[in-house]
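Chains: A, B, C and D, in written order; residue numbering restarts at 1 for each.
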Amino acid sequence: MIVVMKEGCTKEQVDRVVHLIREMNLKDHVIVGTERTVVAVIGDDRYKDRTVLESSAGVDRVVPILAPYKIASRQTHPEPSVIPLGGKLGTTVGGRRICVMAGPCSVESRTQCLEVAHAVKEAGANVLRGGAFKPRTNPYEFQGLGEKGLEILAEAREQTGLPIVTEVMSVEQVLLVAKYADVLQIGTRNMHNFNLLTAVGKTNKPVLLKRGWSAKLDEFLLAAEYIIQSGNPDVILCERGIRTHEEYVRNTLPLAIIPAVKRESHLPIIVDPAHGTGHAYMVPAMCRASIAAGADGLMVEVHADPEHALTDGAQSLTPKAFAEMMKELAAVAAAVGRQV
Amino acid sequence: MIVVMKEGCTKEQVDRVVHLIREMNLKDHVIVGTERTVVAVIGDDRYKDRTVLESSAGVDRVVPILAPYKIASRQTHPEPSVIPLGGKLGTTVGGRRICVMAGPCSVESRTQCLEVAHAVKEAGANVLRGGAFKPRTNPYEFQGLGEKGLEILAEAREQTGLPIVTEVMSVEQVLLVAKYADVLQIGTRNMHNFNLLTAVGKTNKPVLLKRGWSAKLDEFLLAAEYIIQSGNPDVILCERGIRTHEEYVRNTLPLAIIPAVKRESHLPIIVDPAHGTGHAYMVPAMCRASIAAGADGLMVEVHADPEHALTDGAQSLTPKAFAEMMKELAAVAAAVGRQV
Amino acid sequence: MIVVMKEGCTKEQVDRVVHLIREMNLKDHVIVGTERTVVAVIGDDRYKDRTVLESSAGVDRVVPILAPYKIASRQTHPEPSVIPLGGKLGTTVGGRRICVMAGPCSVESRTQCLEVAHAVKEAGANVLRGGAFKPRTNPYEFQGLGEKGLEILAEAREQTGLPIVTEVMSVEQVLLVAKYADVLQIGTRNMHNFNLLTAVGKTNKPVLLKRGWSAKLDEFLLAAEYIIQSGNPDVILCERGIRTHEEYVRNTLPLAIIPAVKRESHLPIIVDPAHGTGHAYMVPAMCRASIAAGADGLMVEVHADPEHALTDGAQSLTPKAFAEMMKELAAVAAAVGRQV
Amino acid sequence: MIVVMKEGCTKEQVDRVVHLIREMNLKDHVIVGTERTVVAVIGDDRYKDRTVLESSAGVDRVVPILAPYKIASRQTHPEPSVIPLGGKLGTTVGGRRICVMAGPCSVESRTQCLEVAHAVKEAGANVLRGGAFKPRTNPYEFQGLGEKGLEILAEAREQTGLPIVTEVMSVEQVLLVAKYADVLQIGTRNMHNFNLLTAVGKTNKPVLLKRGWSAKLDEFLLAAEYIIQSGNPDVILCERGIRTHEEYVRNTLPLAIIPAVKRESHLPIIVDPAHGTGHAYMVPAMCRASIAAGADGLMVEVHADPEHALTDGAQSLTPKAFAEMMKELAAVAAAVGRQV
């Protein structure tokens, strides 16, 4: 890090900063400029608290130089990670093949789920998604079928061969969900739930980590780091939109995060355009765009009867619309040297 | 709610919307305008899923009329709530007296905590704050002393008489923290952690609920509603800054939420300017502004040695600066008919 | 629009609202719900001031139903507009062919500009871009060559046949810039400069209108409406990124605006990923994504020596990188039924 | 500035950076850390283009150390500026006395304007505000009375003695508006209109500069710098809210900018809570908060008949509400050692 002193700081203040740096077992290097003095800190300061220096008298600010994450970073692991998802079909995320996760927002009933599962399989999806535990902003809304939903998902896997991904909302659900699911999903609202990140990091199931609504890229990769350093290297990042002033979408979907993640990290990244926009009519365009930008996969909500979906009907595709979109995606994937 | 149809929608589409509204046991009222047809929905539609209507063919959008929260709303409970915090001193939040919660960001040691506790008591604080379990974005940073920290806080309460508020980070910590704390704090990162909201809603301790970084006002009040409808009416709201494009602050502190909450809800609201700005030098100005705007209290970080604070030193006041600020706050409180 | 009354409003207050609606020569329709009364307004209220109603006693809020723009809307003009840019090559924006506008951020010298012009022509660009008047946040930075720059651009057009697009910054520059340019660019900072919008609306040159950093979609289309209703129907929209909390990009590029504009308006939309991200390494991925999402064109900064560019070197491609990207774009365009 | 090299950069790349720094007539200082090499740049690099370095091979990023503005900065001018506004009453902004600018959003008629002018004078306002040229997002809305409005304002000044502030929207209006107004207002939408900033910088009238909706603090102070370096030192900053995801306000009003401006600049800052929130009911609370936070003044919209205001009625106070608020403000000002 670089400590920028205030204009007119005293020699004692600079000495104090130097002293604090040495207390951290780091080396200092003072540079006196024409207007400002800065003190460069030499050594791995990633795990040191820079507020120590920020609070010292005469300090204007502290600029970090090293990224705060380490094992999630591309520097530590230059090759892109390819995450195996389990299941009979050998599905992976992060290789040449685009991974399409599709299914209903919520598992609502056995019939509904199996119908969609077969439809998305037929259309070319690689993974079945579906919520059994649902985080709902409104306490009066449908909260999911719970374990019953997990059983239905497992039956759908049995019938289709597709691995299943489903959300786990709290530490005490981890073992239960891991018993059924092939991939554990951490939702947007839990990206900063560090106890939960640690808990899924202790399982041997791949984790799909959704970005928080207002998370910075560093924070997103640090959340992945929590999981990896707890023992689980199989993290798949998922962009699902951020909160901004835009009003024609439910969230703003920032696809430039795809090249940014590819540069900073070895982890694969997929995109969820349904939550990322909130409107079914935008989903096909944003799925095509995600693949063109280099995403490793997609998460898409499909519902046979969106009008009667218990959750998020307005952003779900019908099986027919999904099948049509999959054909378009195949063409775009080929254009960028990938395969759906 | 109001269903706005697309221009050129068909009669069948309007009929379908009417049918769906009746399926929900609500009444419909169709209004044919010069350019658009709208269908007003009559009845309490708060607990109905409006995406059902949003996904119906020919529908442009659905506009909610009723606020989604009910028991947190001022309509249900016109008088402002005054929340008793327990403790020997009869401290409350929401009455004429401004409640000042002060103390270290983290409990670091017995000595550090007791020293600050006595100092803030002396200067006029009403509640002692301090973190025993710390949510840290970076997995390599100090995570708090855990139960040991809670014991130290309890001792500080013993010595000063101040009730204590401390954060609970996950469902499995609730009982432990509730054993020691007078007020349970739900942090920003957990405002959307619905399992945790429900769990603290089942205790008999008041809950300090911090607003999420990107939460809308409706979502903030719905999070309070989760707690209240689980059985615990004693919720104190806390504004602590939101994520925006501003770069001279860590977060943007939107004080207009104070009159907005006063109008929409009966719950008291306090402000945390340290997290809300990230800079100690801004804290006194924003504390004064919060009180002038009608806040019911403040949360302030105080550390005897900010340079060596293990967390958030850069936004902590020294005991001396805190004592000076308290004098200024007394004058501002008097100017708006309140008392510190 | 729909006037939502407060809970417990009086009959007199509703009558007053009805009176105000009739004063505007509109019709009213009162609906008494179980909890709220709403008053629907019937007629074309686009040009009425809804704050009249918002300020009336007992009114909670007013919800607009009709979009505020009219001649820019798809309802008025269902077919997509194809805008001819002039020049020998018959270039258009909005048809099947993707329009790629490329060139230096600023015209710095005759040699620099002509070199890039030939290079981008060779690589397949359809329009030459280059700034002669530069809006600079910092008053001490390079402000552009002015008319000299326009002359150089005109010479480059002469040599390459490419029509030229360049920015006009203020009303008094309009005639001068229109004398040289084929397309007048309105920059991000001027999207809300209504005098300038009106002035370019009185020329017969197509206008490239960049979205403001924090403009809502309605405001963007209303800015286009200013130009069109001044007499100039040839408006090309350009998305170039918005201000958000994201820190790994200079701006967040929200590509979902592409399907949104296609649904709301008949105007073509292009994307500027260089300003939209701020980093040259992200430009190819975001160009591919834009085309996949349905954009009608791209604006790309190309500089033979980005290190010595006087402006925005960090987001410029070299001619070689541009030529490589054009090949990739051809494949993506073909995949979505377009052509570069 | 500090040039941070990528991990694994070559010696040639560092040498190239050193070469580029010397080309700028600055000095370099290379520091080889354990993981990264950084190159500190010594000298006044404020007017150098850092994208030169950002585009050089092997460079990860460039961190500025010096603030980009100079004559607007507190370092250059340590004492706070007190700006005289002209007029018989010797009104100033920036001293101990809080300056309250009040009046209608738009001048609508002679009667309306004079009535409000006398009312606000009576209640204690120091300056009369009113719009003659109105920037309207919607081309179909009331655009102001133009010169007729300026004449009415001048008559109101004649009768009340209050200096007048009114908006100038474009370069060609500057002379006309300066003929009548005591203070020239640059609106939010024009903060980045550099030609206009330069034009008002060439007059001898004080300038009230409103912050752009998405402007960063650096950009706000650089806009002031444009005016000052054109010859006019009398700039008053005005915060009026920024665009964020918040939905219960029209804009988010970030009052922490007040201590930030006081630390970075010598210029006075006032607050406009009407535009800053969009709701009249929030205005008194936010006026009190602004003064408590250290603002040098306020801008408030007052209309005798908000229901029939041609613009922004929903955020205007009635003369009675304004007079009541002024009494509260006097108490808050006294509490912070100021005077209304």
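Remarks
Note that in this section a contact is a pair of C-beta atoms (placed from the backbone, for glycine too) under 8 Å apart; a residue touches a chain by one contact, two chains touch by 3 or more.
Because the structure is a prediction, the values reported are computed rather than measured.
Using the mean of the Cα atoms as each chain's centre, the chain most removed from subunit B is C.
Averaging C-alpha coordinates per chain places the centre of subunit B 31 Å away from that of subunit D. Taking each chain's centre as the mean of its C-alpha atoms, subunit A lies 26 Å from subunit B. Those residues of subunit A in touch with two or more other chains are numbered 214, 242-245.
Taken chain by chain, the contacts link every pair, so each chain touches all the others. Touching subunit C in their complex are the following residues of subunit B: 2, 4, 7, 29, 31, 33-36, 38, 40, 42-44, 63, 65-66, 75, 243-245. Partner subunit B is touched in their complex by these residues of subunit D: 214, 216-218, 242, 244-249, 252-260, 263-264, 273, 276-277, 281-282, 285-286, 288-294, 328, 331-332, 334-336.
Across the interface of their complex, subunit C is touched by residues 20, 46-47, 49, 51-52, 54-56, 68, 135-142, 169-172, 189-190, 192-196, 212-214, 219, 222, 225-226, 229, 242-243, 280, 306-316 of subunit D.
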